[in-house]
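Shared chain: subunit A. Partners: subunit B in the first complex, subunit C in the second.
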Partner chain A sequence: MRSALVTVAVVVAAAALLPLAYANQLLLFNFVVFLTLAQGVNIIYGFTGYLPFGYVGFFGAGAYGFSLAVMHLHLAPLPALACAAAAAVLLGLLLTPLLRLSGAYFAIANLAASQAMLQIVSNPNLTDITKGPYGVSLSGVFSPNLSYGVAVAILAATLAVMVFLRHSRFGLALQAIREDPVTAGMAGIDVVRGRTVAWLLSALVAGSIGGVFAWYVSVFYPETVFSPEFSIFAIVFALFGGIATITGPILGVLILYGIYNAIGISAPQYFQLIYGMLIMGLVLFLPNGIVSLFKRWGFDVP
Partner chain B sequence: MLAYALLAGVIFGLYFSLVGMGLNLVFGVMRIVNLAHGDVLMLGAFAAFWLFNLLGLPPLAAAPIVFVVAVAIGWPLYFLFVPRLLRARDPEMLSIIFFFGLSQVVVALATIAFGTNERSIPGRVLGSGPVHILGQSYPAAWVVSGAVSAAAVVLVTLYLYRTRLGTTTRAVMVHREEALATGIDVHRVSAIAFGVGLGLAAVAGVFAPFMMGSVRPAMGADINITSFTVIVIGSLGNPLGTVLGGIVYGIALMVMQSYFSSWANLLPYLLLIGILLIRPTGLLGRTLRHA
Partner chain C sequence: MSPEPLLAVSGLVKSFGGLVVLDGVNFHVMPGEILGLVGPNGSGKTTCINVITGLYKPQAGSITYRGRAVGGLPSHRLVHLGINRTFQVPKPFLPLTVRQNVEVAAAYGRPDDLAVDIDALLASVGLDGHAGKPAAALNSIQQKMLDLARALATGPRLLCVDELAAGLNPAELDGVAQKLRDLARGGMGLLVVEHLMGFIDQVTDRVIVLNAGREIFEGVLAEAVRDRQVVDVFLGTDHDD
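Right, the complex of A and B next:
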């Protein structure tokens, strides 16, 4: 518990203070976004075993929830963020029937759902509402410093949820469901409720950070916020570090997203190559992530 | 217009069954999800493009060559990776992630080798002039692609139901451990099915320039969604159900494109989610999956 809190405090403090020392705030913001998304994936995949291949659907729902609230309801950014979170949770509720599916079926249906969201939002027939494929511009509320601060706050809240899940009966119940739903049900755990809560929690995380993303960049296209790369990156970062831990996804983001920023932008196809090979190697040789290496060496990682 | 759309739907449906068939065969036999399926199809399409442009080889001649090469690649690939994946705790899930990695590698190598330009083969190499069927006329390239797909489906049926290898393959599909216990060489049977699965995808790729427009390294992701829709409609793990799935999908797509063209892109996703929720085992599914 203590080492977990220390880790969380260090990460949040670093995220909050680094902009004072380092000028590229956009880069730091993207790190905060992926730190949050990787933990969001961790909630649903790490604790219940559902692989959210269309996780970006919640992120995009948050971004558009924020934009629609600002454009049509003329709300201030912070109430609009509440709309973003609400939009994502609503989408999560709409998609709860998907939880009846298992394994690959769920992953594929979730991917299809996120693509359907993109097709709906970017449809030219809805230009009056969503601006269709032409993208959204929110220059009226543009405020990089404030939105960066809010993003760090959301990251802190998400990490706090993770600490809770790691050290509470509810988190243990979720892990029991992941290992064997039938036995967990026999032991008196409400399987359906547990899965639904975890699912909506991860939707809330992605929706909030999606809303802040819309606020921070303030000009974006539907393809930007519904890009499958968000889901894939978040899943791979979480897996690479080690799911169902707090440190794992953090390490995964710092290492892999660090590499991405070092070589991925100038030579994307070479990054994709390295990335693909890393994933294959990971599945074959280290299916529990980097954190399992530390555990093998006898360190206890939260 | 409706008659045109329905018949075009059947032609495309036959082609879509070929697109999904390989994925379904691999899933049926090995219970692993080949997320690089669309990328194998892409490689087949590029092979057809280069064979045509460098050697002047028409697609009909390229198809068998591409098939044999894909089977030859699939065989060692199986022994290199799949047995290791099958030993893991949750092979279905790990295979999704593993083959996603493989797909990234394939796309990256294809981008490095071929660039991001879109390529195409002129439709006339499959026959010139429109073909008249039941009073409607269609491009010859469509009809030839549909016919080749139908022939491939028949060949797969013969392989599964009329040969000794096919009988053992179906035994492995039903129960891997029991098949092993009766003395079937499970790995040999699976490796062949894996190779044939890749081969079918590559052959579908040969005709992709005519049925899906241009060819580019990143096309695999969209094809994966289409293939999954087709095989989920028809039932996962049942290769012949794919034909039903393909035709349902083809007709739905053509009717949508004729009457609600701006929403047609939404169709595969909604069809996929709808069918999964109503009948998680697909239209021809028999057994229920538990928990």
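Right, the complex of A and C next:
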């Protein structure tokens, strides 16, 4: 518990203070976004075993929830963020029937749902409401420093949720559901409710950070915030580091997103080669992520 | 005036597609009684437990537990009412420790907030000394005992035991039989499915013989083995007398 809180404190402090020392705030912001999304994936995949290939749907729903609240309701950014979170949770509620599916069927249905969201939002006939394919401009609320700070706050809250899940009965119950729903039911756990809560919690996380993303960049297209890359990156980062831990997804983001930014744009061919080999090596030798290596060496990783 | 049964099953029907597995089963379990459920493979014993514990909904008939109709309730609700079971092939929560496996059941499965002495519970099924290991490190017999501890942690009044004895050595069998008898002496009703007739003879007060989804005999095991229909079902009809 203490080592978990220390880890969380270090990550949050670093995210909050680095902009003072490092000029590329956008890069740091993207790190915060992926740190948050990877933990959101961790909640639903690490603790209940549902692989959310369409996780970006919640992110986009949050981005558009924020944008619609600003454009049409003329809300200030913080209340608009509440709308972003609500939009993602509503989408999560709408998609709860997907939880009846399992394994690859869930992953594919979730992917399809997120793409359907993209098609709905970018429909030219809805231009009056969503600006359709032409994208959103929120220059009136543009405020990089404040929105960065709020993003760090959301990261902190998400990490706090993870600490809770790692150390609470509820987190134990979710892991029981992941391992065997039938036995979990006979342990007295309400399987449907547990899954739904985890699902909506992960939607809340992605929707909140999606709303801040819209606020921070202020100008974006539907393809930007519904890009499958968000889902894939968040899942790969979480798996690479090690799911159902707090440290795992953090390490995954720092290492893989670090490599991506170091050479992903300047030398994309080598980047893809290195990425591919790293991931293959991991799947073959460390299927439980990097943290399993530390555990093998006898360190207790939160 | 007879006392009220803990569990009364009446006219229970369950089929999978065209295959009728339970075809109107009737029986009851009294508090403190161990009822054996025996029958050849495919006679519906495990399905019967699965319906009673909420894995399947009954298609017809009634399940009355302590005077209340409980047919079709989801498993976790039945657990809270005091019904639990062990599994023929237990599926413990493998990455969780043995202690956590029992802890989560004690936390979620009890209607009361009574603290459960997990160490004592683990010791009573012979798992003391394994509490800190992940459940994946247990062998299959130990996993069966963990499954029993998981069920007992929820404080059941009715415990369905599905082939707990299979694979145990004679010493372990005696231990488990003693354990089940102790539980019954404490007032728990037990429904025991088992193929080992020696074990059934050792622990049960009464048996029901199932064949093709119907009960064909009810009484003590010693009489069952003299019952013509029971003998036919187990040994075939062409035997010489």
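To be clear about the criterion, the second predicted complex is superposed on the first by the 299 of 302 C-alpha atoms of A that agree within 3 Å, B and C clash if a C-alpha of one lies under 4 Å from a C-alpha of the other, contacts with A are read in each partner's own complex, and residues count from 1 in each chain.
Assume contacts are C-beta pairs under 8 Å (C-beta built on N, C-alpha and C of every residue); 3 or more make two chains touch, one makes a residue touch a chain.
The shown structure was predicted, so the numbers you read here are calculated from the model rather than taken from an experiment.
Once the two complexes are overlaid on the shared chain, A:V219 sits clear of subunit B and of subunit C alike. Shared-chain residue A:P97: touches subunit B; no touch with subunit C. Number of subunit A residues touched is higher for B, counting subunit B against subunit C.
Legend: residue contacts after superposition of the two complexes on their common chain; A:Y105 is shown touching subunit B, with no touch to subunit C. Contacts of A:V182 after superposition on the shared chain: both subunit B and subunit C are touched. When the two structures are aligned on the shared chain, A:L284 is found in touch with subunit B, with no touch to subunit C.
When the two complexes are overlaid on their common chain A, residue A:I120 makes contact with subunit B while staying clear of subunit C.
Overlap of the subunit B and subunit C contact sets on subunit A: residues 182.
By the touch criterion given at the top, residues 49, 51, 53, 97-98, 100-105, 107-109, 111-113, 115-116, 119-120, 123-125, 181-182, 228, 232, 235-236, 239, 269-270, 272-273, 275-280, 282-284, 287 of subunit A touch subunit B in their complex. On the side of subunit C, the complex with subunit A involves touching residues 53-55, 74-76, 79-80, 84-85, 87, 90-96, 100-101, 103-105, 107-110, 147, 150-151, 153-154.
Contact residues of subunit A toward subunit C in the complex are 169, 172-173, 175-176, 179-180, 182-192, 244.
Note for the complex: subunit B touches subunit A at residues 33, 81, 84-85, 88-90, 92-94, 96-98, 100-109, 111-112, 221, 225, 228-229, 232, 236, 262-263, 265-266, 268-270, 272-273, 276-277, 280, 289, 291.
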